[in-house]
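Below you'll find the structures, each written out as structure tokens.
You will see chain A twice below: alongside chain B first, and alongside chain C after that.
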Partner chain A sequence: MRARAGSLRLRLLGATLATLVVALVGAHWWLTGLFRDHVLQQFDASLSQQLDQLTARLEFDAQGLPAVGPRGMSDPRWEKPYSGLYWQVQRLPVLAGERRAVLRSRSLWDAELALPDDALADGTIHRHDITGPRGEALRVVERSLQAPEPVESRWRLMVAGDLREALTAVDRFTGVLGASLGGLGVLLALAALAQVAVGLAPLKTMQQGLQRVREGRQQRLQGRFPEELQPLIDEFNGVLDRNTEVVERARAQAGNLAHALKTPLAILRQAARKVEPSEFSELVGEQVQVAERQMHWHLARARAAATQGVPGQRTALEPVLASLLRAMDKLHAERHLDLGADDVAPGLAFAGEEQDLQEMLGNLLDNACRSARSAVSVKASRDGPSLRIHVDDDGPGIAPEQRAVVLQRGVRLDESRDGSGLGLAIVVDLARLYGGDVTLDRADAGGLSVRLSLPAAG
Partner chain B sequence: MRLLLVEDDPTLRAQLREGLQDAGYVVDEADNGRDAHFQGETEPYDAVVLDLGLPLLDGLTVLKRWRDAGRVTPVLILTARDNWSEKVAGIDAGADDYLTKPFHMEELLARVRGLIRRAAGQASPVLRCGDLALDTRSGRVTLGGQAVTLTSHELKVLDYLMHRPGTVVSRSELTEHIYAQDFDRDSNTIEVFVGRLRKKLPPGLIETVRGQGYRLAGP
Partner chain C sequence: MTLIVALATALASPPTLADNDQDRARAAVLAGKVLPLKTLLERLEREHPGQVLEVELEQDDGRWIYEIKLLQPGGRLVKLEVDAASGAVLQRKERGRKPDARP
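On to the complex of A and B.
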């Protein structure tokens, strides 16, 4: 078995959703990074500003010790203990016995900023991330300062700020962005689903159309399709039309041949009848009979075989039966038969060609009318996938041991009777071509009951 | 009884005419649909034997036009088309019987007899009027069980009258059904045949209705 090519719907949805997820996750990562960088830059810039202020306010006394000038530092957070904004000044290098922090902001209270050793060129600003006195993450900016007088010394000036506020903003942004992109993703996924459904709807319509054709409810695919599908539909309808046409032509040609031969045969038969009975006239009569049987047989077969495999066939039983009963009433008018089809379920249909159904039922009814004493009755019912048709007569019937024999080609029990003698055999042949069958039984009325089983159409 | 035979094959037509004439019918012929249609419209035939595959106008169309125009002449279709769908189409177009080629002449004759008889409302193949009996199958006439010998023309007149017992049949009607289309008709000859029939049959059986025609006395 060939592996299935998978679902178009799944393919389209899979591709769309994968792209969507990659694009949204990427956008989230990129935008979050951008925002974080921006926030940290802003934070660093404000710390650098504070460092500039500290540098500007720093004065040295006669011993060369630093102090903040009379105007002080402007931000109130310098005064509030552990406010998250600190500054500290320490000597470079730190003298033995001296505290590390020679001078610090009030907010540091009794703690010190523990900065790793660093070598700084004049005028450069370095950045460090350390843990603060309350365990908070601190961003520190530092620079070194040369005090030329009164005592030559080098100082390390640092300003630290709590990163938490900045990072909280980043976290909030990340959350809001994630929710927004998630919402957008859901909307886009729904749009993709709708798009696939709308886009593939014509395929569904086409499938339903094909099913109707197969069930015989329609001869061709109908309706308008998108321009991408229309060529396919047109081609398919073309194939269906051509199929029908080929069948019709084959049938017509077989019919024409048979018709063309029948008139000469009729002439031969009349001519043979006119001359004195002889071996020759008997031979002609006999051979005309043979030729006639052969034609009838092969014509019926050709017709039925041409129909095989043509999709979309459905023939309602009732009209065919009604027209045949009308015909039988006239063809067997001499016999004054009671023809009944009371026991036929309504709405039954045969999954095949109308002419073939007519041929089968016509032959069965004709045989029944020839054999019947006074009545012929037809019953029909649906049995799962099968259509069951019984044609019963009240004639002499056929003995059980002879029933198999009469189903064979060309066998007639009563040779004196009219007819090509192929009727029943043709019915068997046609029924089997359709996957059905014919069985013989004893009718309730005492005669023969022919039971025809054929594929039913929905 | 006068028939219209419509068949385009000349050989088969000749054979059919011969067979029908041998059986005592008066036969007019047509070899195409248009002539057939015209003849069927204008002449009072007792039955028509109609082929379907005809030049100029198809047999089924001819039949439908007759029926549409209200012609009820019984029609037997004699054709090579032997599908049941075609038989049904023929019957539905208004045919009264259908026979396929190649056929047996006896079968055709039996069917034509049946058609004419049923069209006249007679159920049995043996027509009876009192002691008089006419077997349409053999053309044998008996009176009280004794065979009556009739000439072919006498038989045609009696046959026509016995199909319509108790009905007044005019001389011209009898003439139309006993002679072919191209025959030089002289209604006086009818009187001669009726006169001869009266001598062979019980007196008073064939009545003369003054100024109208003849009537077979009911049983």
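On to the complex of A and C.
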């Protein structure tokens, strides 16, 4: 199928060029034929005039033998041997023992016109093509003539002319016409190329527009397109809009669910604290916390899944990072941490939802701030299609053999600290939903280095 | 009356019956006494190129001689006398360059 589909450009060009070649070759054939006919017609006409002259000048003696009259034939070519213009008179039919050509022009010299037998009705002119005395192509016109009384005899009068000049003219015309039509063909082919290039340019524009949508620079296809393409563009934008709408609805539903469950869970938790501590109240408190964790985690996941793969998403890194750093500064104000984001390349963007980026970065920063002794630093760079973000702290770090464990859901190394224990797991889940990943390493400052890799937007 | 017509016919440029140039030439070629003009011209072409302006066949003491006038490249007018039986050039006269040499 792919091979059959081919290139639109090649199809258009192929059809145009094929038509062009057929048209030009046809024109060449037709015009050459026309010119040749015209030239040969002129040639025949002049030969017929000479034949008329011969017919008029021919006289017959008492024995019925023909002779050219006293005024002779008026053309110097009759006199010059092998001049290319000849006449000949012979009896019809040729008598046994008599020379075939009874009378010949001087130009024929030692040769005769060897004409095939022909049934001639009186007065009509017949044409033949034969070979002349020098081997040249000759056009012959002939007619038969009845000798006057008293001797009944019929004569065949013929005039021949060398076709070479006429044919040379035809050849020259054919060559010049061929070159002209060839040149015309080249120009028309160039015009067709230009036409196809101009005609298909909107497709290129559309492709670039689609690329921008895929890279997340644009939400829809923008710009004006030819009226043949505009419906397609409108339909495509319709699909994009519908997609966005579905995502919005899913997100709204997830948000609604979260809000709907938050209050009952909060009331349950409060109620469990108010009663005297018992096994039951502890159980309720624990399970509510588990329910809140699960809800939080599933909501983030649902949101990320819904937005995953939706084209046209782009979130600039810097504003999100700046606002998170401000929030962390306030949240952990009493610890006087040094929060640095000096090593962040400008203009970086994440190909996904702002909320998801906030979720991931927020979790990582919060974890880092909790573990850090004095400083947390953020680095971000672009690596091909990926956005790489490192969040380093100078805390105790995590031993290499334990790193894999903490990436699992709900595992907390330090049970004394509050928190869901889901933070890192949510980050990993979200990152993987976007096709990215999270790895842990030792930071230069000695603590933990969390390395987040996400799809970058152009 | 017949005599006058015959006389007029004889004076007119192509004489009508067997005594004209072309009939003599054909008879001589058919008799094998003379090379065909085509052959002769092809042979001459190599050594004496040029445009053939005029050809005459004359009989001189029983020897057939072609007199050929050629216009050669550069505008030279050349008159050749050629042995009609062998094709050998007997004489080559150049004319037309000296204005006083014109007949």
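By our rule, the second predicted complex is superposed on the first by the 429 of 458 C-alpha atoms of A that agree within 3 Å, B and C clash if a C-alpha of one lies under 4 Å from a C-alpha of the other, contacts with A are read in each partner's own complex, and residues count from 1 in each chain.
The working rule: contacts are C-beta pairs under 8 Å (C-beta built on N, C-alpha and C of every residue); 3 or more make two chains touch, one makes a residue touch a chain.
Since the structure is predicted, the reported quantities are computational estimates derived from the model, not experimental observations.
Judged by the touch definition given at the top, the superposed model places A:198 against neither chain B nor chain C. Once the two complexes are overlaid on the shared chain, A:104 sits against chain C while remaining clear of chain B.
In the superposed model, A:133 lies in contact with chain C only, and not with chain B.
By the document's definition of touching, of the two partners only chain B reaches A:358; chain C does not. In the overlay built on the shared chain, the residue A:72 is in contact with chain C alone; chain B does not reach it.
When both complexes are overlaid on chain A, the residue A:119 reaches neither chain B nor chain C. For chain B in complex with chain A, the residues that touch the partner chain are 9, 11-12, 15-16, 18-19, 53, 80-85, 87-88, 91-92, 95-98, 100-105, 107, 114, 118, 123.
Only residues 255, 258-260, 262-263, 265-271, 273-274, 288, 292, 296, 299, 303, 323-324, 326-327, 330-331, 333-334, 336, 354-355, 358-359, 361-363, 418 of chain A touch chain B when the two sit together in their complex. Touching chain A in their complex are the following residues of chain C: 5, 8-9, 12-14, 16-17, 20-23, 25-26, 28-29, 34, 36-38, 41, 52-55. Residues 67-73, 78-82, 103-112, 133-135 of chain A are the ones that touch chain C when the two sit in their complex.
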